[in-house]
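The structure appears below as structure tokens.
Naming follows writing order (A, B, C, D, E and F), and every chain is counted from residue 1.
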Amino acid sequence: MLHLINKSPFESMSLEDCLKYANKGASILLYEDGIYAAMPGTAVSERMAGVTADYKVYALKEDMMLRGVDKVMDGVTEIDYAGFVGLVEESKTASW
Amino acid sequence: MLHLINKSPFESMSLEDCLKYANKGASILLYEDGIYAAMPGTAVSERMAGVTADYKVYALKEDMMLRGVDKVMDGVTEIDYAGFVGLVEESKTASW
Amino acid sequence: MKFGLLITEGPYQHEASDSAYQFAKAALAKGHEILRIFFYSDGVLNSTKLMDPQADDRHIQKQWTELSTSNNIDVIVCVAAAKRRGINDDVIADGFKIGGLGMLTELAIEADRLVEFRA
Amino acid sequence: MKFGLLITEGPYQHEASDSAYQFAKAALAKGHEILRIFFYSDGVLNSTKLMDPQADDRHIQKQWTELSTSNNIDVIVCVAAAKRRGINDDVIADGFKIGGLGMLTELAIEADRLVEFRA
Amino acid sequence: MAKLMVVFRTSPYGTIYSFEGLENVLIMGAYDQDVSVLFIDDGVLAIKKGMDNSSTGIKDFSPTFRALEAYDIEKIFIDRTSMESRGLKLEDLVIEPEIIEADAVEKMMEEQKNFFMF
Amino acid sequence: MAKLMVVFRTSPYGTIYSFEGLENVLIMGAYDQDVSVLFIDDGVLAIKKGMDNSSTGIKDFSPTFRALEAYDIEKIFIDRTSMESRGLKLEDLVIEPEIIEADAVEKMMEEQKNFFMF
């Protein structure tokens, strides 16, 4: 399953909600304001390190650029919209 | 100051954000989906007991009725829209 | 007291319009003056006369028009926010006026209390 | 693959429309078929031809119209959601059609993948 | 018959999603498919008993959930932790969904042809 | 002169609030009032350096924040904890607000004739 997260981890529980149901090994794509979960050195980085150990975590490059987020933390893979489409080819998607 | 909270405490950090800035003794009005913070017996009830010790916490009766929330936890005062207007008469308001 | 209201969400999608309407009625009932109701962001969508909800639902635009005309309240739709959302003179209902964002600053200067209904 | 897209937020207010548009372009570029793009909830507001954003901003309705007509994609605006938000035949732009909610169920039955762009 | 599911995960009234999600379920019921409904997170609040819209005029749609069976939609599930963390028991709800555990949710989603989240 | 303030508390682009809040600040600058701007919570992300809209076409409004001084708006503040918890330092921002502590925020709001939150 591919889980889509588009809300800031500092304001919304949507990522935590998703993690209650997502089985280990599932894919999680951070896009729109979900990007902020992948920024290095934040108050959620330690939590996110645990998430990247259990899930395949991606961040959408176009939304990173728009927000001035030029790098993501270790364990997160940057992909573009073509990569987003590729993930959807592989799995059903849940939008949180 | 009167702080207005209209989001579910299970999904949004807006109440916690507000509490970072609100000095003890300030008023907090829970309305719309903010009502759920005042429901007894939930996962946030213990946290809310601490909040009611430090702040004057109100819940909007009309939004309780709409949601089928027929009672609020100890320490929270039910008010109607006339009471909401009364709180605004007393203080400036911040909408979170 | 002199109240000003700011509404930044669209009708039906979010409860903000409903809450603001109930608040306005309660404020008037307590003898307060509402200087202006200002619609910004998706709030501008409250003003379209094309709104046509189900018969058993409230009609949010008509509620505002009735409140505005019977209490002589200035109800302003921000022109910049309206244009990008497809609200213009062709669709705006009676009781609403399209106005500049400066009218929000003026409201903040004049009102004793500004109350914001937002997401 | 056969894709279906569901969009439930209005233009400009939320990034959902922009993301869905970029996704649709990328899916077409990879050779996928988009069976239908369905606008529900505030998503219906993407369809108004009265939309008039600032000159230096993207024009979201025109983007959809261009995508729809040049790729022959079925772009449907839910009639129930549209009516309560003031979207009807008077304001709907070329490339969009107003349709019943059943067309969303049909899309879910037909599409290999349904992707939802929401708040 | 395609397996289709609607997942309710937002609270009612504050936003319209659960109401319009319900409209979607009712239409799906007319298509003779294998339709399921699942309540998780704040979505469980949409089926709480005792809603009363008399003081606001906002449309109360909770009675319509009771009509789901009349639309031949009988596979209705609720996540236990979502319900319990909001202080709700089955007798607090206008319908009686089957309780499932959180780790069954993703599998249930995977089994569908497609699903919606509202 | 009335004391007026705009508080930015939402992240940019995901929703339009910070962009339309900025439009509001610029208009306020034309009214010869005592205007302040405060960044808290996710609002601090609106003034992050390095934004690049070339791949999406969504309007990049961060350069406009740099124009605030030209509009005679010089009282610009940022909450330390909001900035630090998002891994940001002053040099990461397109403007240089004055850093304040969280317990000063409510007092700053109280001192205004009125304020807006976006």
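To be clear about the criterion, contacts are C-beta pairs under 8 Å (C-beta built on N, C-alpha and C of every residue); 3 or more make two chains touch, one makes a residue touch a chain.
Everything numeric in this text was worked out from a predicted model, so none of it was measured.
Among the remaining chains, those touching subunit E and also subunit F are A, B, C, D.
Remark: among chain pairs B-C and D-F, B-C carries the greater number of C-beta contacts. With respect to subunit B, maximal separation of chain centres occurs for D (centres as means of Cα atoms). For subunit C, the chain whose average C-alpha position is most distant is A.
Centroids built from CA atoms put subunit E at 25 Å from subunit D. With each centre defined as the average position of its C-alpha atoms, the distance from subunit B to subunit F rounds to 27 Å.
The set of subunit D residues touching two or more other chains comprises 12-13, 15, 22, 41, 54, 57, 80, 113-114, 116, 118.
Residue numbers of subunit A whose C-beta contacts span two or more other chains: 6, 10-11, 17, 32-33, 62-63, 80, 92, 95. Annotation for subunit F: residues 13-16, 41, 56, 58, 114-115, 117 touch two or more other chains.
Two chains count as a pair here when they touch; such pairs are A-B, A-D, A-E, A-F, B-C, B-E, B-F, C-D, C-E, C-F, D-E, D-F.
Looking at the complex, you find that subunit C touches subunit E at residues 12-15, 18, 22, 54, 56-58. Residue ranges of subunit B in contact with subunit C, taken from their complex: 4, 6, 31-33, 62-63, 80-82, 84-86, 88-89, 92-93, 95. Residues 4, 6, 8, 40-41, 80-81, 100-102, 104-106, 108-109, 111, 113-114, 116, 118-119 of subunit C are the ones that touch subunit F when the two sit in their complex.
Chain contact summary for the complex, subunit E toward subunit C: residues 13-16, 56-59. Touching subunit B in their complex are the following residues of subunit E: 10-15, 41-42, 45, 48-56, 58, 60, 62, 85-87.
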